[in-house]
Amino acid sequence: MEKKMGVYICTGCGIGDAIDIEPIKDLVDEEFNISICKEHPFLCSPEGVELIKQDIDNEGVNTIIICACSPRVNQDVFFFGPDKIVERVNLREHVAWSQEPKDEDTQMLAEDYVRMGCSKAKDMELPEPFKAEQEYSKDILVVGGGLAGMTAALEVAKAGYKAIIVEKEDSLGGFLKKMKKRVAPPYEDLYDTGLEELVKQVNDNPNIKVYTSAVVEKTSGAPGLFSVQIKTNGSVAEEKVGAIIQATGWVPYDPKRLESLGYGKFKDVITNVELEQMASNGGIKRPSDGQSPKNVLFIQCAGQRDSEHLPYCSSVCCLVTLKQAAYIKEQDPEAVCYVLFKDMRTVGQAEEFYKKSQLAGNIFIRGTITQIGEEGGKLFIEAEDEFLGEKIRLEELDLVVLATGMVPSSQPEETPKMKAPEGAEDADEEGMIEVPPDSGFYAKPALNLEYRQGPELPTLRYGFPDSHFICFPYETRRTGIYTAGCIRRPMETARVIDDATGAAMKAIQCVEMTEKGMAVHPRSGDLSYPEVNLQRCTQCKRCTEECPFGAINEDEKANPLFNPTRCRRCGTCMGACPERVISFKNYSVVMIGNMINVINVPEEEEEKPRILVFVCENDAYPAIDMAGIKRYKWSPYVRFIPLRCLGSLNLVWIADALSRGIDGILLLGCRHGDDYQCHFIKGSELATVRLSKISETLERLALESERVRFEEVGISDYWRIPQIIEDFMNTIEEVGPNPYKGF
Amino acid sequence: MISWNNNALRDVLKEVDYAEEIYKCIQCGMCAGSCPLRHHMDYPPRKIFALLRTGNIDLVLNSKSIFLCTSCYSCIVRCPRGIHVMDIMHGLAHYAIKMGKISRKNTATFGQEFWKQIYKRGRVDEKDLSRRYFFSDGIVQGIKNALSMADMGIIMLLHGRMKLLPEKPIKGIKQLRIMLDKAEQESRR
Amino acid sequence: MEATNQNILVVGGGMSGVTAALEAAEAGYNVILVEKRPYLGGKVTQFYHYFPKLCPPNCGLEINFKRMKQNPRIRFFTMAEPVKISGKEGDYDVTIKISPRYVTEKCTCCGKCEEVCETEIDNPFDFGLSKIKAIYLPHEFAFPMRYVMDPSIVGTEEAKKCQQACPYGAIDLDMKEQVFDIKAGAIIWAAGWEPYEANKIEYYGFGEYKNLITNVMMERLAAPNGPTDGKILRPSDNKEVKKIAFVQCAGSRDENHLPYCSGVCCLASLKQALYVREKNPESEVTIFYIDIRALDRYEDFFTKVKQDEKINFIRSKIATITEEENTGDLIVEGEDTHKGEQIRMKFDMVVLATGLVPNTINIEAPDVPKDKFGFILRDDVVKGIYGAGCVRRPTDVATSVQDATAAAIKAIQSISRR
Amino acid sequence: MKYFLYWGCSLEASGANYLKSLKPVCELLGMEFEEIDDWNCCGASVSYAGARDLSIRVLNARNLALAEMQGGYDIIAPCSSCYIQLIRTNHELREDEKLKEKVNSILREAGLTYNGTVNVRHIVDVLYNDVGIDRIKQKVTRPLSGLKVAGYVGCQSVRPYGEYDSKERPRVQDEILKALGAEPVKFPKKMQCCGSGIFLPEMELCMGLVKDILEDAIAHEAKIVSTVCPMCAMNLELYQGRINQLYNTNIQIPIVYLTQLMAVAFGLDLKEGAFLHMNYIPPEYVIKPILMQGGDSK
């Protein structure tokens, strides 16, 4: 596209009072050869916008540089159609509202921002959406045919899409097949599982195809373009799908590990799973003598909330016990059920069901078991009763039920191992270390992805491939692959249904956006995508290793193979690439490099240091905006450059900036570590890792390491912004001016 | 060590009004926290309920707590599970008296005498009630008791706050007794 | 507004409503969203951090608003609410009422009006813990970023003064309530929740004792943009809070108030205990509870909080709170049901962990199944109007978002069934 | 405004000054009373020792049935114990059809039946809601200006059925006191139980309760305590000497009935209208100086 640039400067909101516009107009013309540069006292007014529109119509302007408020506001006002490039220069929050008006330094700051904006606009191209050569599929693969899987498939189908279910057993239903009844809102009663009806609906739906006794042997491709090999009854079928829902459910915690609670030792100690099966198969009987039990004890948290077993709460066991106590009462109204618990966790409206169970005469004891034994064919236990504050003894128990917990089907029985990197301290004798849960090589096989970063979804602790994000619970680290149901976290059936329904939504949304060449969350709708110049690639593998979403495969020569539909457009690959061969149409190493290059670096004698601040545009940038809105003041020597994510930070920018005489470089990014906040998972962490390697560069340039600093800034930390900048300015002052000035 | 006795509760459930509600208790402690005489109780009400659930009825019936209810209704008003805590305490006291387990003799006697007044006359004669209450342990103790309270009596008398004439039974006393007898029979069903 | 029943109407612009709108719009459907407040984001905008990550709610909202700004399929109205719904799945007529904001789209947020305005009102954003000018930006992150004038000054000289101060002619004092009809094929009711009114739990004395606050107020005290700039000071004398109590189940699990468990208050108090411990390092926290309900992996959070020795857990439903008049300290009494002892403890400040009351469908509308507490049930019988988030169950943010995502596909199905 | 006045057993004896002051005050306010013919005791709060719940419901149902038969006016119960037993029974019979049937089957033994049509009211409820603050104010001729009163509510007049007022933070009595020109003081023990029916047998424990209440009232500058229950009045008043002995305190504060203060404020004779001389701790010493300010000390 032949660019015709126009610069429009708003003098409203105090901008006109803070800076002189004429010198800016001059530099736009002189330094960038842009002949159209206009000012308006109220640019976002209809009249202001009209001014721009006229230039578009009459002068053919197609690249518009708006020097006004923050790009976070008035996006709709300054939108002139998809074929126009709009670049925003933030003269309001970052200049007029945070700097001394009519000050020389303020003026220089504004001028630099306009330069950077013009430079950026010059280097930017309109992105063209990615379109694969192959045909896109909008079908959804659902792995797992239990309640979650069937629900997801049905919801997909009801929305007009096709679904394919792959179920490893010979019939649909999953755990529902073992269940007698369901406990669900409004918690007034027990309800039928609805299994038959559900299976019928699935089987009758022409939009759903079911493979039973089947497993996914291989999944290759990318969203919109997945190719799945399904092994079923000795043959292999191939399906093309657009997105995947993994709903492979859970397995009960292995009760053999609960010998201390009498399991395996006493016949009449059983698990809640075993009781459920008995209940649905004709009745609850004592395993020892086949009698119907009169006195039944349920032991809650049989393994759960226990660092030796499952440190987490399994969330459904309280409800399950209440349900099973109801079975026992139904079978024998004279029977008595005791429930030994730590905390009753009947959240929400389920509290009603707890009350109902109490009213049925079931007895709830808060405490911990200290002993279990057998006497005259009956079981007894001793426990510390916290309500009574005394030791208690329960005798004549016919049955003891261990309320065991859920383990995600993704959790391997034993932690897999991998070759330790050189120098790893925790390597074993064979030079192996345990695979961390957030690796694609950790989980048990279910999808068999042909991904360079591993065949399965990375997981959180305890093997749940759940989202780490509170606001984005469907986020996974493999684009277009969503999880649903108890594989994500232990949940009751009502929640499983909701969850699977939501996963269906995400899956169809993904195939729709993918087809249009758009990114999915969090840069939803972004049409840009990374392009690589393979000629200059050195096969260093950094991009393929560091992509947080496993989007890049490798060929046998270790060349990166980009899968644009897997890509989230964070630019981590671009930041990782030492050869600078990865770029987006509107975001590139060169583009940012040129922005750095146009910053005016005064001579040392002028005593006007220059600090470059790379800012995460998702969190730190809004925080700076807020600081401006609060009219906080900070040094006029800083220059902010927003980045898509600090993961896209390329070290060459730091080297370039320092060699140009810029005195210090500050990185403002998200929190990392266990509770990371980076929307691209690893971005800010990778930036710090890269930063740790900058010392080499600094040494080469004979510069002090203090000149580069990373600071964690959350979006609400706007009140810290002035302090962070001041602290850094003080450091730079101590270190002294960059000796490269004027080279 | 407290051992469970599964069947012992049956009688309590029959003999104590609202006793079935003890199962609803979540042991939150609101009842005791709201009770004016909580500091004098051996077991707080919720623990009485927990003990009842174990079937250790004697522990409960021997507890003084069940006689220390001032009928202030705080526990009833505040119980998050809507349990008639006060009524259960009353019922337990009634049952304890019936079973001859009287941990607070004064209160038990006073209450019984009070009821006798009603049964006898349909109304309560305060003077007669206190006389009977003071003399419930025989004449010697009665005189002692009465003397210890004589100052009060005299004050009341002097201020015209003692009815001198004895209360006569109400007109419908006979029918009232029939009704009360029948109510008692019905209660045991 | 095009009259088409291909629209999805989303009622409520909190976390659930915004999510539902975005999920549907990004899949290619047109959404109209109405929000009662003058800005989107709902209740979580007032929160300092989320549990268990202790991260700021604006972080996720920023992403969502960014998604919204560039998505032409969503149209939203603030200060707007539905007043009547009629019709059936695939074909609803909805009457929408928009209250006057008195500030037009011309507002640039320059703040000139606020500078001249002298009248102050109770700041609704801070639950009345602070005052704000009668023309105000609801909060720093408000989206849309636009001022709003409190109706109480409309018609006064003060309002005119504000109008004259505005360099952009953005104040329209003649703005009137607007009522109009739209068509929709499906409706997502995501109107969120209100905190249970703590003064209804009379034995605690909320409203009477200054240093007795609720958990939502605590969020404001901890937030850097709150009334105390994020310092946890007690309201009576701005003293740093050293000894603080959290009273769980303040109204929840209580047949006299909310018989259901509000689901999130345990976790909220665990989180707020950490606020206090972090901001006032010498502080000591006591949490009075019946059961700690930290479901699933939230147990890890509970485990983490328990490790702090200065956070005590006492099993007791607190029975009474009284004020020590000369100091403003609060005395809580109840029974420690673990030790079986009566307790009487003094605190600088007490936080009532009040529960959630659903903003259920309370206007003329087709019948939607609800449980006895007013939570909207989702069944396969009644289609077309779907609850999402805390109108379905008292729950955390992640579950609300999940639920809203589910509601979006349900709404899409209602439209594509036609 | 016609009502049944169910005064119960105490108001003829230990609570005589309550009944005596109530009658002229209510008369002045235009209320008419009728007695329920052949009423019986309500059972008060200690009958449980000798009777089950049903017996007590029956006792009260008999009174309700008699009232219904006799004209069905609202029943005013000035004694809180009577009030709660009557209103509780009424409430339960109205709510629980099965119980009503059972109770009626017993009432039938005496040819009685109760249909649930009578309302049970506390005197405070009637004064506030039927008579109204305005009317009370109109009748005030000797405002109790500056008289700091602890309006003691206690338990059973509001808990748990006192729908006319808050169960935990009642204010109606204080509103009436204000209408009389008095100054009700805020004191946290306003609702703490005095020991009620078990005061006598559990005197040592209950004296502690009363001590707390009175000390609290005094600490909050009350010069006099007003009550609406004969049991409260007696417990608070009669044992002050013993409490001082036991706790080595020096509590002395007059305890009066609300109706006595009303009688004073309405200009009735201190003796023949308010019956202040019947109180053990003479309230005149507190009340007269107040009246002197207003130039009236009759």
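Annotations
A, B, C and D are the chain letters, set down in written order, and residue numbers restart from 1 in every chain.
The rule is short, and it goes like this: contacts are C-beta pairs under 8 Å (C-beta built on N, C-alpha and C of every residue); 3 or more make two chains touch, one makes a residue touch a chain.
No experiment lies behind these values; they were computed from the predicted model shown.
Chain centroids computed from C-alpha atoms place C closest to the centre of all protein C-alpha atoms shown. Remark: among chain pairs A-B and C-D, A-B carries the greater number of C-beta contacts. If each chain is reduced to the centroid of its CA atoms, chain A and chain B end up 64 Å from each other.
Centre to centre, using the average C-alpha position, chain C and chain D are separated by 45 Å. Rounded to a whole number, the gap between the C-alpha centres of chain B and chain D is 22 angstrom. Centre-to-centre separation between chain B and chain C, using Cα means, comes to 49 Å.
Across the assembly, chain B contributes residues 26-27, 46-47, 77, 81 that each touch 2 or more other chains.
Among the residues of chain C, those touching two or more other chains are numbered 203, 253, 291, 315, 337, 340.
Of all residues in chain D, those touching 2 or more other chains are 167-168, listed in ascending order. An unclassified topology is adopted by the chain contact network, corresponding to no line, ring, star or complete arrangement. Per the contact rule defined earlier, chains pair up in contact as A-B, A-C, B-C, B-D, C-D. Those residues of chain B that touch chain C in the complex are listed here as 26-30, 32-34, 38-39, 44, 46-47, 77-82.
Residues 15, 22-24, 26-28, 48, 50, 52-64, 66-67, 69-71, 106, 108-110, 137, 140-141, 145, 167-168, 223-225, 229-230, 253, 259-263, 291-300, 303, 315, 337-340, 371-373, 375, 377-378, 393-399, 401-406, 408-410, 412-413, 416-417 of chain C are the ones that touch chain A when the two sit in their complex.
By the touch criterion stated above, chain B contacts chain D in their complex at residues 17-18, 36-37, 40, 67-74, 76-77, 87, 90-91, 93-94, 97, 104, 106-112, 114-119, 122-127, 130, 133, 151-152, 155-156, 159-163, 167, 170-172, 175-176, 178-180, 182-184, 186-187. The touching residues of chain C, counted against chain B in their complex, run 203, 249, 253-257, 290-291, 315-320, 333-337, 340, 342. Across the complex, chain D meets chain B through its residues 9-10, 12-17, 38-41, 43-55, 57-59, 62, 84, 102, 106-107, 109-111, 154-156, 159-160, 167-168, 192-198, 200-202, 205-206, 209, 238-239, 241, 277-280.
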